[in-house]
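Both of the next two complexes hold chain A, though its partner changes from chain B to chain C.
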Partner chain A sequence: MHDINASRAANAFAPLTASALLVNPVGLHARPSVKLTQRAKGFAAKIELALAADGPWTDAKSPVKVMRMKAPQGATVYFRVKGPDGEAALAAMLALVHDGFGEV
Partner chain B sequence: MSNSSTGNVGIVIVSHSSKIAEGAADMVRQMVGNVVPLAWTGGDVDGGLGTNVAGIIEAIETAWSPAGVAILVDLGGAETNSEMAVEMMPEDRRARIVVCNAPVVEGAVIAATESSGGSSLAAVKRSAEEFYA
Partner chain C sequence: MTEIHLTGRAASPGLAIGPVTVLTAAIARRTASGDPAQETTALQAAIEAATTEIAGLIETLQGEVADILEFQVAMLEDDALADTAYAAIATGAAADHAWRATLDSEIAGYLSAEDEYFRARAGDLIDIRDRVLAHLSGADTVARINAGSVVAADDITPSAFLAADWTRGGAIALAGGSPSSHVAMLARTRGAPMVVGLGPLSWNGHPPALALVDGDSGTVIFDPEPETRRLFEQRMAAANAAQAAAEAGRVAPAYTGDGRRIAVLLNVTAPEDLAGLDPEICDGIGLVRTEFLFEASHGLPDEDTQYVIYRRILEWAEGRPVTIRTLDAGGDKPIAGLTVDGESNPFLGLRGIRLSLARPEVFRVQLRALSRAAVHGVLKVMLPMIAVPSELDRAGVMLDAEVAALRAKGIACARPPLGIMIEVPAAALCAEDFGAAFYSVGSNDLTQYTMAAARDIGAVADLNDTGDPAVLSLIARTVEAGRRRGVEVSLCGDAAADTRLTTALLATGLTMLSVAPVAVARLKAAIAMVRS
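Let's turn to the complex of A and B:
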């Protein structure tokens, strides 16, 4: 019941999308993946990422799934965010990628 | 051994080798940070390769959190000794301790990542076990 309400609430928000270039040398490997998922978990919004504008989409709050993407340096990461704090979540995701996860 | 007191699920690393256990704990600390209670144990009572129940109990107590404790183990004996250690814990704590079916190093990092976001014990276990899914 709770989950149904939550997904209804999420559906009330239009999805926000944006993309960013992976600049850190190791790409989206273990350490950046952990940082990204930790950051994503701080938001109520549903946050997904992909290596192409049309997906397939990966749950940004799942560290295992994010690591499995094996996104290399130079890849473009697409984000799709939906929820009440979607704008802040998207900004936080883009900032992390732009800053090279603090590794550059 | 290291600890930090938060409401986050605690993580215990049990390996036959104290070096592996300590190294895995180092990775968790560096990648995930200090917001997750964490403890490790490895080796038998004589300092050789193996695991011991007393060491595991101590590690569970060190990493104890009201949210529970997730244990990551390597091979056979680590798992059976961990289960024995859980059996020897006070009854009210037993239901809040789980042994994860996940690789010890990767599982520890992922379990700690999940825990650092305030996830439940069940979610922490599920996330660590995604490696074998």
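Let's turn to the complex of A and C:
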């Protein structure tokens, strides 16, 4: 599920991607969105998420935009992360989703 | 004047009577400066002031209520919210018009959501919109609600709710609204009865003076006749007395009104559920869900991790029986790296015992941990989603093998009795054919599989009724199978905590009900009212 296709042979900041299933009961709504964006803001990396592997991509640091995605429970969330602390950022995002944002 | 009966959806339980406060949206007037730079500054200042104001409110609040407002702060602090408004101001729009149009379009996006939880968030956006507008105009647009009154409105914002005093009674009756809204959550935590979805409240110029709100059944009566009011007040008095009696009777064993002893057990979702709880309130634990062990991000839990947690729960119970359910993943409970993605219908797929038998390397670890914990108390192990006897038999063979392996290594262990959940109609119909040590009715799944209706699909939720004669007859059949085989039968689904069903459930012959800790007092009180 969290297959990190990290190809960072040439470029240290190549985008990292992974996906995870939303397991918390009501999807990515108010509280989970706030948690996700707060956690994302702790990283320098550009963090984006989407409901499909090919986007459209949403800024994970904007609660307004994350809420506009209306991601329901059972949806697969795709992450695309680029930046110096990209690996830690991606791991943190996946951990949040897997933990159901502490709501399960 | 004739009384008006309206039926909506119950959003917060309880009964209330009070004078009616009709809320109408206050529209503040503001004179625009006509200068884009000034208008931009005005909007920025209003947003900042609104954010500071909410942040101040948060400091006086805790938990769920604070979370609701933190969401509003997060939205206000996000530049993306006002982008469109600033763009409109740059082309000459007034700050208040630009802000209102921007938020109205954002709100429309929420209202068009398929998911009720997202639609319900529109209430928060309206709240944000109005609070900023209030700061722009310098007027107070947050409606004032008198303590003890019944608020009648199209909808109400969290701010308006929080500005009122709910300690002296009062209730909420809404034309629109949603049980999933933040206001509904607030109403439940503050104990204010609330009914939503009453439909248009039109008074033809004569707003009602008094209202009776029944947050249990979802009904509201405006301007009741004296007799209607008298009966309602009697019900309120009885409900208050029952509440007081329920709290007092929480630690006493449960008996029906005609003296039948009913075991009340606990449902436990995580060990934290038991923190600060007195084991005296229950006759044991009827269901420990073990999914929580597998949902953390650090992979599948090893044998020692599981053993320690199972042992802690058994020790908490102080010799009372504890029923632990083996992993019930799949269906609506996916687990990364374990459940199958993309099944066309996960509820009819590889879930519960089917998944455990398909992944024996994971299942055997859990069986070993359970066998080791079994020496620390009275442990019973329950298998979920059993449909045919061979599934129980295969699990039994695996359990025997793990116990033998532990013994061979000299590790302390005991073989816990293996029982089955009755969730699949096939198992209910043929319960007697299973060599189970006990049966436990999982009423949520049994109901949805019997009625072919999911409870989270609003359009068919009415059909998802555990009180339906078909579901009750499957439960009665299971009880009868248990009686013939001399094994216990309990029920551990949400229906056990639904006190409207207590009489019907006990009529099936059930003598063991398992509920969340918060429901124990209420259930015991409901049991005491039952006479067969």
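Note that in this section the second predicted complex is superposed on the first by the 92 of 104 C-alpha atoms of A that agree within 3 Å, B and C clash if a C-alpha of one lies under 4 Å from a C-alpha of the other, contacts with A are read in each partner's own complex, and residues count from 1 in each chain.
In the analysis below, contacts are C-beta pairs under 8 Å (C-beta built on N, C-alpha and C of every residue); 3 or more make two chains touch, one makes a residue touch a chain.
All of these numbers come straight from a predicted model, not from anything done at the bench.
Once chain A is used to superpose the two complexes, chain B occupies space that clashes with chain C. Of the two partner chains placed by superposition, only chain C is touched by A:95; chain B is not. By the touch criterion defined above, A:34 reaches both chain B and chain C. In the superposition on chain A, contact of A:62 is made with both chain B and chain C.
In the superposed model, A:72 lies in contact with chain C only, and not with chain B.
Of the two partner chains placed by superposition, only chain C is touched by A:23; chain B is not. Shared-chain residue A:42: touches chain B; no touch with chain C. Which of chain B and chain C touches more residues of chain A: that partner is C.
In the superposition on chain A, the residues of chain A touched by chain B in one structure and by chain C in the other are 30-31, 34, 37-38, 62-65.
Note for the complex: chain A touches chain C at residues 1-2, 20-21, 23, 26-27, 29-31, 33-34, 37-38, 59, 62-65, 67-68, 70, 72-74, 76, 94-95, 98-100, 104.
Interface residues of chain C facing chain A in the complex, by the touch rule stated above, are 67-68, 70-71, 74-75, 78, 80-81, 106, 109-110, 113-115, 117-118, 121, 124, 180, 182, 291-292, 295-297, 332-337, 341. Interface residues of chain A, counted against chain B in their complex, comprise 30-31, 34, 37-38, 41-42, 61-65. Contact residues of chain B toward chain A in the complex are 31-32, 109-110, 113-114, 116-119, 127, 130-131.
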